[in-house]
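Would you mind keeping the following structure in view while I ask a few things?
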Amino acid sequence: MKILVTGFDPFGGDTTNPAIEAVKRLPDEIKGATIIKLEIPTVFFKSAEVVKDAMKKEEPDYILNIGQAGGRFGLTPERVAINQDDARIPDNEGNQPIDTPIQPDGESAYFSQLPIKAMVDAMKNAGVPASISNTAGTFVCNHIMYQTLYLTHTEFPNAKAGFMHIPFLTDQVIDRPETASMSLDDLVKGITAAIEAIVEFDGKEDVKVVGGATH
Amino acid sequence: MKILVTGFDPFGGDTTNPAIEAVKRLPDEIKGATIIKLEIPTVFFKSAEVVKDAMKKEEPDYILNIGQAGGRFGLTPERVAINQDDARIPDNEGNQPIDTPIQPDGESAYFSQLPIKAMVDAMKNAGVPASISNTAGTFVCNHIMYQTLYLTHTEFPNAKAGFMHIPFLTDQVIDRPETASMSLDDLVKGITAAIEAIVEFDGKEDVKVVGGATH
Amino acid sequence: MKILVTGFDPFGGDTTNPAIEAVKRLPDEIKGATIIKLEIPTVFFKSAEVVKDAMKKEEPDYILNIGQAGGRFGLTPERVAINQDDARIPDNEGNQPIDTPIQPDGESAYFSQLPIKAMVDAMKNAGVPASISNTAGTFVCNHIMYQTLYLTHTEFPNAKAGFMHIPFLTDQVIDRPETASMSLDDLVKGITAAIEAIVEFDGKEDVKVVGGATH
Amino acid sequence: MKILVTGFDPFGGDTTNPAIEAVKRLPDEIKGATIIKLEIPTVFFKSAEVVKDAMKKEEPDYILNIGQAGGRFGLTPERVAINQDDARIPDNEGNQPIDTPIQPDGESAYFSQLPIKAMVDAMKNAGVPASISNTAGTFVCNHIMYQTLYLTHTEFPNAKAGFMHIPFLTDQVIDRPETASMSLDDLVKGITAAIEAIVEFDGKEDVKVVGGATH
């Protein structure tokens, strides 16, 4: 099995992005699956081209995109990506789309194809805080999740995809009062546990456990 | 113009629900539009039947569903409803669906048909904290938003629908430490301003202003 | 009985201060006690002179100073004032003392002379969120609480004093995302209930109920 | 130079306490100072006896007490301890004092004798979130800080003392949603940096930098 794991480069004034820092430190093999690591630009559409090229070249069975969600307290597999860009800040090339669809012929949303509840369980069992998130926002993170799922629904029917947000690194919050963070070691441990769940649940249904949100 | 405004009954241990309390206190007419007020049960599917019956009977031009989002700091028009029920707690009749689609033949998600950014602007101009939300959760609030939009996309093409979450009432947080709340007066003022925006933007595009979220 | 209630003027970029807005709207008599209302400047030492002049002139039995604690979720009677100024921002006349004692011959701290737990109970019974706070900070709020208690311990032995912080007004948080607030009506209702408790507990011990903090 | 560093045992339902876990992992020498490590019970008064015995036996130049402040985002040297016990929960032997003085003949409060602003600077420079706290609460943490400072002000005039709160460990928040935490490595790194500042500022004034709180 081959798993493509992507991480964004820094954006929004930060000089590091925990996503790519953690992805770079993943082992090359997890539970027998080969891990392909890829840095992608925090840029609308261009990020999707980079992912698509890697999907063509590597033919992965799974794609797990990782992105920073500054302020969150744990690792959060995303449930769904929506067909809309609405940028609160410009991306790394200055694009700031407002309320525009990503793919005019795409579905209004795509649900994650990864076993998100099993991933949460695995991360918590590994000692790392985790929970389901029901919104990936409307910036480049939602964009790449949507685009990658659009690709698995249109051009790459043998691949499955999904996205996970991760918190700030500890040293990113030195001057951000009252902001949660996590150590790089714990981020790597959590992502590794999540990937183990992906491998383990290959071909199976996700676990049916409580994990919703009242709002 | 006729606007159907619904509010849920209390759930999850609370004896009041700010949604129906605020809806009951709305004026009967806002900017010339007739306001029809309707209490609906916090129950999967049954809530949708009650709304559908009212849509048949009243033939409203707009439907605005209101629900409680305990812990939020302001009024939050929802951007999107997803085709999935995943209940963290049982509803008022004991149903607790986990990861099930709402309408097998429905779209994966429906975007609000209301001018959500104009609604946010109007509420803030009225002195009431407001912002766009990108998730209505996976409980009965998302359910009714999805169901109502499913109805406007299938059986009631002349109607438009959308959902807004509102915070706890002040007296609901007496024994909930560090939890935000709002007075009933401000809730009514905010919802009224939001409805004014709906009337004013009837037949027009929503304003194009920044209002997205990075995650 | 005579109660002097003071409220600060706006500071730190805000154009209103909920403290003086709420104080101005208090009734002139509460449970038979005469309420004297006084606006004081958000300025180190000058604020204390204004309070001292009023104490001389009015000879109040109690002094309740009110100040804004932006971000807090409820009304919080302060337990203690410490003999130290440490300003994070300049006061309204540009003073920014750092780690300096307020009164070289004063005690290291003074505890509130008001029945703070009875005040919390009274406010909660009135439907307004409230709790004890164990720090009034190190800015002008702590300063005036310390100074007023220094005066009751030195020059005005027949008077008793204490301080209460109150949250932002709702319209102060329009552009402060994820920040708690309260309506002016609820602030007035809460302060009134707290003063009722002061009157009722005159000459009595405060109630012995749980209200501490582990940190 | 000799520095006694104490950490509390677990309390309040937790099976670990980051305080003693981190203290145990400190090096035996920091910047030439000998580090004496001591576990103390989360029990009013008994904890103080254990500290006093160690002060007699070890004759430390400094005492740094460490305690858990669940929910805080960084390491927080405390500015002041107050002469009051007010337990929200029982201690580990079932004591739950409410609003009682700790030492009838003690001062109303004692300020930390440690260079708390230099400690904050050192921790931030080491990449660990830190800030001054103006309240140690009213439970055993404030108690031990007060008691140790009472001892340095009465029986041990050659010693200086102070307290620092630290956040939950990462694996303590697995089932505590939306709660900040820190890795054990970062806690140890932060405490070590703080102790380096204590050694470096021995005999000197603390740095005069902004670090106060408006409330």
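The letters A, B, C and D name the chains in turn, as written, and every chain counts its residues from 1.
In this text, a residue touches a chain if its C-beta (ideal position, glycine included) is under 8 Å from a C-beta of that chain, and two chains touch if they have at least 3 such contacts.
Model, not experiment: these values are computed from the prediction.
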Chains touching both subunit A and subunit D: none
From subunit D, the most remote chain by mean C-alpha position: B
Chain centre separation in whole Å, for subunit D relative to subunit C (CA means): 29
Subunit B and subunit D: spacing of chain centres that average the CA atoms, whole Å: 48
Whole-Å gap separating subunit B and subunit C, where each centre is the average of the chain's CA atoms: 39
Multi-chain contact sites of subunit D, meaning residues that touch two or more partners: none
Graph class of chain-chain contacts, one of line, ring, star, complete, other: ring
Of all residues in subunit C, those that touch subunit B in their complex: 73-74, 124, 127-129, 131, 170-171, 173-175, 177-183, 185-186
Sites on subunit C touched by subunit D in the complex: 12, 67-70, 72, 79-80, 82-89, 96, 98-99, 107-111, 117, 134-139, 141, 165, 206, 208-215
